[in-house]
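The structure's right below; bear with me while I get my questions together.
All chains are identified by letter, namely A, B, C and D, in their written order; residue positions are counted from 1 within each chain.
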Amino acid sequence: MKEAIKKVVENNDTRLSKGFDFFIQFLIVVSVITFSIETLPKLEPKTRFILSAIEIFCVIVFTLEYLARIYIAEKKGKFIFSFFGLIDLLAILPFYLSFGVDLRSLRILRMFRLFRLLKLVRYNKAMRHFTKAMLLAREQIILFMAVTLVLIYFSAVGIYYFENEAQPDHFASVFDSLWWSIVTLTTVGYGDVYPITAGGKIFTFFILLIGLGIVAVPTGIISSSLTKAVELESEEK
Amino acid sequence: MKEAIKKVVENNDTRLSKGFDFFIQFLIVVSVITFSIETLPKLEPKTRFILSAIEIFCVIVFTLEYLARIYIAEKKGKFIFSFFGLIDLLAILPFYLSFGVDLRSLRILRMFRLFRLLKLVRYNKAMRHFTKAMLLAREQIILFMAVTLVLIYFSAVGIYYFENEAQPDHFASVFDSLWWSIVTLTTVGYGDVYPITAGGKIFTFFILLIGLGIVAVPTGIISSSLTKAVELESEEK
Amino acid sequence: MKEAIKKVVENNDTRLSKGFDFFIQFLIVVSVITFSIETLPKLEPKTRFILSAIEIFCVIVFTLEYLARIYIAEKKGKFIFSFFGLIDLLAILPFYLSFGVDLRSLRILRMFRLFRLLKLVRYNKAMRHFTKAMLLAREQIILFMAVTLVLIYFSAVGIYYFENEAQPDHFASVFDSLWWSIVTLTTVGYGDVYPITAGGKIFTFFILLIGLGIVAVPTGIISSSLTKAVELESEEK
Amino acid sequence: MKEAIKKVVENNDTRLSKGFDFFIQFLIVVSVITFSIETLPKLEPKTRFILSAIEIFCVIVFTLEYLARIYIAEKKGKFIFSFFGLIDLLAILPFYLSFGVDLRSLRILRMFRLFRLLKLVRYNKAMRHFTKAMLLAREQIILFMAVTLVLIYFSAVGIYYFENEAQPDHFASVFDSLWWSIVTLTTVGYGDVYPITAGGKIFTFFILLIGLGIVAVPTGIISSSLTKAVELESEEK
């Protein structure tokens, strides 16, 4: 019995186990779509009922999967406190907790249901590559992330001194300027805050000329280490 | 006779066949420009008449080309259902269908005329490179596209929880937030939706710092595999 | 006499010739700054007079330089119709032409004065690298520029069909949509035009996901061939 | 005594010296956060008092560190006028100067306190890499920065001629157009200034198609030389 379950749940070589994997992934996606539809305003009671039914079904399947994985694990404690064990628990816990608590906290609890997306890591190769690549380039990413943060902070202080008097609402403090800083240096540029004084515009001119090269570095490191990780894996095959 | 047509339509080594290729490409561009001008509001009847005349001429040439290609094909059924065969058909079909249907559906039919642009694939090396490169890197693109989609979805849910109460119009549901998510993470930043709460701004700050590196990966893969495909082709020469 | 002028104007090994090069470059920059200041509205007559004086001085020096270059050229006709010969002529011509024409056309003539910036090409290594790199990667750039243009056009037609009815002002024709297309796919995103219908937003979502990778290719090719050209030059040394 | 201080302040091998390094870095960060909070409008007197107390404590520690570094330096004059010596002085000077001057200039003096961030260079490897990489690629960066500036200027003049009459407020002079130029070519696109005439839009269309590749070059050079510098350092280990 234990062996049969193990074959289906853990391995990925028979038709049945592949079908099981696909079914769980399908339910994760369904569960996420259900979650999204629930956020729509002015839902009819009938729709709410159907969404609840789908949600309950998903939770039942995920619970059975979780129990099955505990059952087949040789060291039960090790599995429960492993990365995937905790993710599997977090994917179902919000549902059970929502019975015992009042309605106010439900909103935050519902958000924890999104941990189910992390369950996809078990099945998705790209996710594995991503976590692997991040670990490989960890040191470099932290170093340049620090440089980027210093640059963003420096830009924020600079623009604060130039724009604070002219736009006391938008550049009220260095913290408000930090919002301008990240939106500008990532080139998003919403247009909700921008310099209007000549000094602020000249400062932005030079910050953009110099800064973009620095901000692009962590992005470049993540991209290149990701592609490296994929190449390594394909060579191993 | 058949051989003579084949020489002109299919091969690309004589002066006549090169002229034919250029003529068809020229008509595709003319047809696309005609299509664009037709969308201009307040056209005079005279202009409309000229545009129609050009359109009819293009369709006649494309129809003759299509029939010639069927005529010279050794396996007629194979050509008709091949990629280029279907494209050639789709390029002329909207015109003939527009006689049999009422005016309401005409609008959508007209759009199908744009399939003519895909006819350029037959002549354009870059397009061939592009489809080739996409096939080569297919697996990687799908994998990282999935990661990108998960990140975009995650950002959308996050901003929904922070901004929903403050801006119930712009962040009405997770679907509305997805619009914010794609516009922000691709750094387009129209400025029609942006966070206004402190929580939403801090969330955006970190999503931008981390997210840009991930969103850039599929872009990087497409770019690098395209340049690889071009290099391979130039080595073959 | 001819030899002495040649040493100063053409070569770049003596102190005097280096000084001459620097002086011409300095005058180009001065001339460009003068041009910029002249565009400022509400200039005092005194400032206008000073700017005119500087302009006349620059033109006199550039004219003398031009005549000297003709004088020292062995084949005078060849120099006059060479790239640098034409640039040198275009840099001074607008000034002399402005005496013979009425005031209305002056505005456009003044703009031609900017050709002086191209005179810097003679002195600036980076400019030389740039033109060299562009020639090397010419074929690839044209190919992918075509793909990019097709994508931009395709996006424009798509958004036109989705948004034309909802926003007849902003998406009046395919030509108006092309403006949206270039601003969105280059991620500039001014925010003057953006989709407001659900269909248009979903279309933009997918166009952005797929399109950015394609639009980035010509940029990537230019960048990489520029750095290649620099490396080649530094190896030659 | 001198040896004992040297062991703690300069070296980085004992537990005590590592703790000292960490403590100084911690104080720099605290000092920067204090600086940011001080910019918040409507602070209570009590908060101001606490912030002043923290500031005084930081300055005392930094002063003691500065004196200790002078004390242990073999050539005192050389240290005082070295890069790090000057940075250490600039980090404490604004505080002492603020006693002797009136309140008006205080604002600018406070900003100099940010030089403390540069003190992190001593401890942060990434900063060292960055300055090293910038020195290595200095020539290339200057060359292409020049090309980028010429392109930005050229775009500004172009848009000035197209938009000046239609939008005399936003494109009042070439200097105003330069603001549009940098915001557009870096793809920030705030949306405060954008072309509205057909000519200006077509000009922007081609400038964006061609210009992005050129503007991306200095960014690419900084990124690639930074990653090279990191690789070199990791090979040395």
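Throughout what follows, a residue touches a chain if its C-beta (ideal position, glycine included) is under 8 Å from a C-beta of that chain, and two chains touch if they have at least 3 such contacts.
Predicted model only: the values in this text are computed from it and were never measured.
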Exercise. Quick one: how far do you have to rotate chain A to sit on chain D, C-alpha fit, nearest 5 degrees?
Worked result: 90
Exercise. Looking at where chain C touches chain D, is over half of the residue numbers used by both copies, so same, or under half, so different?
Worked result: different
Problem set entry | Centroid-based (C-alpha) most distant chain relative to chain C | A
Exercise. Distance from the CA centroid of chain C to that of chain D, rounded to the nearest Å?
Worked result: 30
Exercise. In whole angstrom, how far does the Cα centroid of chain B sit from the Cα centroid of chain D?
Worked result: 43
For this session: Any chance you could list the residues of chain B touching two or more other chains?
Result: 187-191, 220-221
Exercise. Which residues of chain D touch chain B in their complex?
Worked result: 187-191
Exercise. In their complex, what parts of chain B are in touch with chain C?
Worked result: 32, 35-36, 39-41, 107-108, 111, 114, 117, 120, 124-127, 129-130, 145, 148-149, 178-179, 182-183, 186-192, 218-223, 226-227, 230
For this session: Would you tell me which residues of chain D are touching chain C in their complex?
Result: 140, 143-144, 146-147, 150, 153-154, 157, 160-161, 164, 168, 172-175, 184, 187-191, 194, 201, 204-205, 208-209, 212-214, 216-217, 220-221, 224
